[in-house]
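Below, each structure is written out as structure tokens.
Next come two complexes, and both contain chain A; in the first it sits with chain B, in the second with chain C.
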Partner chain A sequence: MNALLIAHNTFREAVRDRVLAGLVVAGFALLALTRIASPLAMGEDLRLTVDLGLSGITWLGMIVVLMVGSSLVAKEIDRRTIFNLLSRPLPRSVYLFGKWAGLAGALSLVALVLAAALGAVVLLMGHAEYLPSIAQAAYLACLELAVVTSLAVLFSALSTPVLSALYTLGLFLAGQWCEDLRRFATQAPEGLRTLLETVANLLPNLPLFDIRTIAAGAQTTSPEHLALATVYAALYSGCVLLLGSAAFESRDFK
Partner chain B sequence: MAVRTVGLTKEYRHPWTMKVTPGLTDVSFEVRRGEIFGYLGPNGAGKTTTLKILTGLLKPTRGRAWMLGTPVEEVSSRRRLGFLPEQPYFYDYLNGVEYLEFVARLSGLGGREAGEAARRWLGRVGLGDRARLVLRKYSKGMLQRLGLAAAMVHEPELLILDEPMSGLDPFGRRDVRDLILEQNERGATVMLSSHILPDVEALCDRVAIVLRGRLERTATVGELVEGGTPRIELRVAGTPVVELPATLQGVLERRTSGGDTVFTLHDPARQQEAIAWLVAQRLEIRSVTPVRGTLEDLFMAAAEGAAIHASVERRSA
Partner chain C sequence: MSTLVWELAPVRRRMLLAWAGAIVLGAAAFQLAAYAARTLPARPPFEELAYYPSGQALRPATLGHAETAADLAWLRAVQYYGEHRRSDLRFLQLEHVFDVLTSLAPGFESPYVFGAFALAQEGRDFEAAERLLRKGIERNPASGRLAFELGFLHYVRPGGRDLHAAAEWFERSTHLPGHPPTAARFAAFARQHSGNLLVALALWNQVRETTDNRFLRDIAEREVLRIQEAIATGRREHAVRRLTTPQVLLLPQ
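== the complex of A and B ==
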């Protein structure tokens, strides 16, 4: 119950923040740009619109995670608003979970708005067959942003906003390459292979959430893939938040 | 007991040099149910550290504490607690009623109940007409009132208030005094820290004085004040040029006040001797006023004593 209250308040904070509204406007501008640039796409204008529109959801969402998520808890500690919360019957783990859920909810709202705008553009172009793939890709982008948000919340609870943003961005980029790392591990010597595989398993497997290329061709992914991605996002975010809670539990608020 | 601490100690360790700085050393005290307990000390004495340990914001290095019988490390110990932090900060994107409703629900009130309590308490602290104003537009005094309302909105059994009079004008201070007394009459135990000693003297049943992280004394306000040194003030008209008599050297001091001269006699037993001397000097005596020791005097004396003690300890080390 208290997690929902914290989530609701975090969602309210994010929605009232100008950053979120600004990024939605930026998303619309990106879509408009793809239409203006369509004559340069040499017949691939629809593919370009869908690909850029879906990439925009992830990258603009990532900007929100870095700008808002990285300071989500640190800002509360710095401004001492956290004193009014943790002096109530609110476990610190519930507080962290609520913060994550609130921001993940706000990011999902942004993704929904941008995906709806992309869907509307595609419909206006007379290609309704793209709608299922756009919906799937937007759903997976929400899961990807939820995973990255959990990392931002973890670092934000233990570090300064700048360091937290750097760590989150670093893991986001490393997570994009974790399949390459896994491939590289298969060709490495025995000792190094184990190390690389361990690192690849610890990094967030973000390629799992990327179906932009097939969505740009109006193809959909299997329900099994969607289910696997959902379970992976829940487990990975849960583990990160549990780790964050364990470290946050012993933190002093001077 | 509403609050109990045993050997509460907090040490801060520098992350690089590993140097240990004591914040609180072996503090033990009890706050009885239904009383108003003042926790006094100068800046950096350890008042806020103690209150933060009680409210779960800091972990003690050693020692234990209980609130309403529950160890403070358990989240449930804060179920019946209302806490006002020093210089409280709030979410500036919320308005007054949204904020109070939010914290009331966090403290266990249901949605409807929280909404009603939020509106009632905003009115109670004089912010009823600012319920929909966003908090970034509140003044410092208004935020302090909101903080008090947030501490009391769920009508807790125990109130811990860190500098509740801070940032308030005299009218605001009077309102807060009335509010604290009203909550105490309702049955709430109140523990407050304050720098404004006349307010503490007017409100508290008992006080504890903490200096340099150590508890110096715990007593009723009456015990402390009665234990102080009384004096007599003799006010005479004008500012006459007279030399203090040799027999009263060291016990009689002179100062001017509002065009008059005030002689302070530190030994009340020699009152007649001092009056006889003033009459002999043909001075016009306007008043003779016995003055009892104030809490402020005693607090300052205790602080000076602790400073001397610390200096002796440093020298012997």
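== the complex of A and C ==
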């Protein structure tokens, strides 16, 4: 119940933030730009719109995570509003979980709005066959943003906003490359291979949430993939939030 | 064990439980990541390197780090070559990749040489190979190495040597810094077997007089005698050999 209240407040705060509104407008502008640039795409304008539209969801979401998520806890510490909350019988893990759920919810809303706009554009172009793939890609983008948000919340609970933004961005980039790392591991000698595979499995496995390549061809992924991604996002976010809680519990605000 | 945990102070207990939960969930996520990598089909690649930007457009985006970007592009180019050399032997984006790379770092000579020979031999696109090396020479007019390599490209041209062009570039390279020590010999050899005996004679004489290499001097002396005899007897075939046609045999590895 407490977690829901915190989540609700965080969601409301994030939705009211001008950054979020600005990025939704930027997303619409990006979609409009793909239409304006379509004569330059040599007949691949639909692909351009779908590709950029889907990438836009992730990138704009990432900007929100970095700008809002990385200062989520630090801002409350600065304003001292956190003392009102933590002086109550409220476990810190619940507080962090609520913060994460609120921001992840706001990001999902942004992803939904942008995906709906993309779907509308594609529909207007007479290509309804793209809608299922756009819906799947947007759902996976929401999961990806939820995982990255958990990292931002973890670092935000432990460090300054600038540092936590840097750490989050670093892990986001490393997570995007973990498939390459795994591919590289197959070529490496035995000991190094095990090490690289371990690192690849420890990093957030973000390519699992990326079906943009097949979505650009109006193809959908398997239900097994969607289920795996969902469970993975829940486990990874849960693990990161619990790590954050363990560290946050020992933090002294005196 | 559980009683021990409950006897701890609440903060410590919550911390311990959080750590335990994190480890359990983390281990599950770890296993799931490995399982997903094993079972899910690999993502289909984009049309390979189709989005690789042009070098000129990329240069400003490197914010003054064009050389570093060129190094990364070089790594990618070599990988691209290796991947296709080991698989389908199709090099559709090779010229584009090397064009980007050499636009980023015009003074970086290795990509011109490597790219040109890969294009000519594996890519079977001699015109593109020549274009790349000529671009290098245009950007590095004082490079003896690039001039020599363009001569060598003509010398081993798949499907038919162009000894005249080869000799032209070999000779030019001998006047430039950085040419390999064998450039003069190659120039003389190419001139001789393209049928230009008088120039070949002058070049072999030059090799004989300037080289410190005993074996090379012997070769030069032998060729000078051979050419002089051919000119004196009017039997050109005595000095001019019909060289075999270079062929490239490629097998997937």
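As a convention for this text, the second predicted complex is superposed on the first by the 254 of 254 C-alpha atoms of A that agree within 3 Å, B and C clash if a C-alpha of one lies under 4 Å from a C-alpha of the other, contacts with A are read in each partner's own complex, and residues count from 1 in each chain.
Criterion: contacts are C-beta pairs under 8 Å (C-beta built on N, C-alpha and C of every residue); 3 or more make two chains touch, one makes a residue touch a chain.
What you see is a predicted model; the values in this text were computed from it and never measured.
By the touch criterion defined above, A:208 lies against chain C but remains apart from chain B after alignment on the C-alpha atoms of chain A.
Look at A:25: by the touch rule set out above, it reaches neither chain B nor chain C. The larger set of touched chain A residues comes from C, when the choice is between chain B and chain C. In the superposed model, A:116 lies in contact with neither chain B nor chain C. In the superposed model, A:182 lies in contact with chain C only, and not with chain B. By the document's definition of touching, of the two partners only chain C reaches A:238; chain B does not.
Shared-chain residue A:90: touches chain B; no touch with chain C.
Shared-chain residue A:250: touches chain B and chain C both. When the two complexes are laid over each other on chain A, chain A has residues 91, 250 in contact with both chain B and chain C. Of all the residues in chain A, the ones that touch chain B in their complex are 2, 5, 9, 12-13, 16-17, 79-81, 83-91, 250, 252-254. Taken together, the chain A residues at the contact with chain C in this complex read 91-93, 179, 182, 197, 200-202, 205, 207-208, 210-211, 213-214, 224-225, 228-229, 231-232, 235-236, 238-240, 242-243, 245-246, 249-250.
The touching residues of chain B, counted against chain A in their complex, run 12, 52, 55-59, 75-76, 78-79, 81, 83, 85, 87-91, 93-94, 102-103, 105-108, 147, 150. Chain contact summary for the complex, chain C toward chain A: residues 11, 14-15, 18-19, 21-22, 25-26, 28-30, 32-37, 39-40, 43-46.
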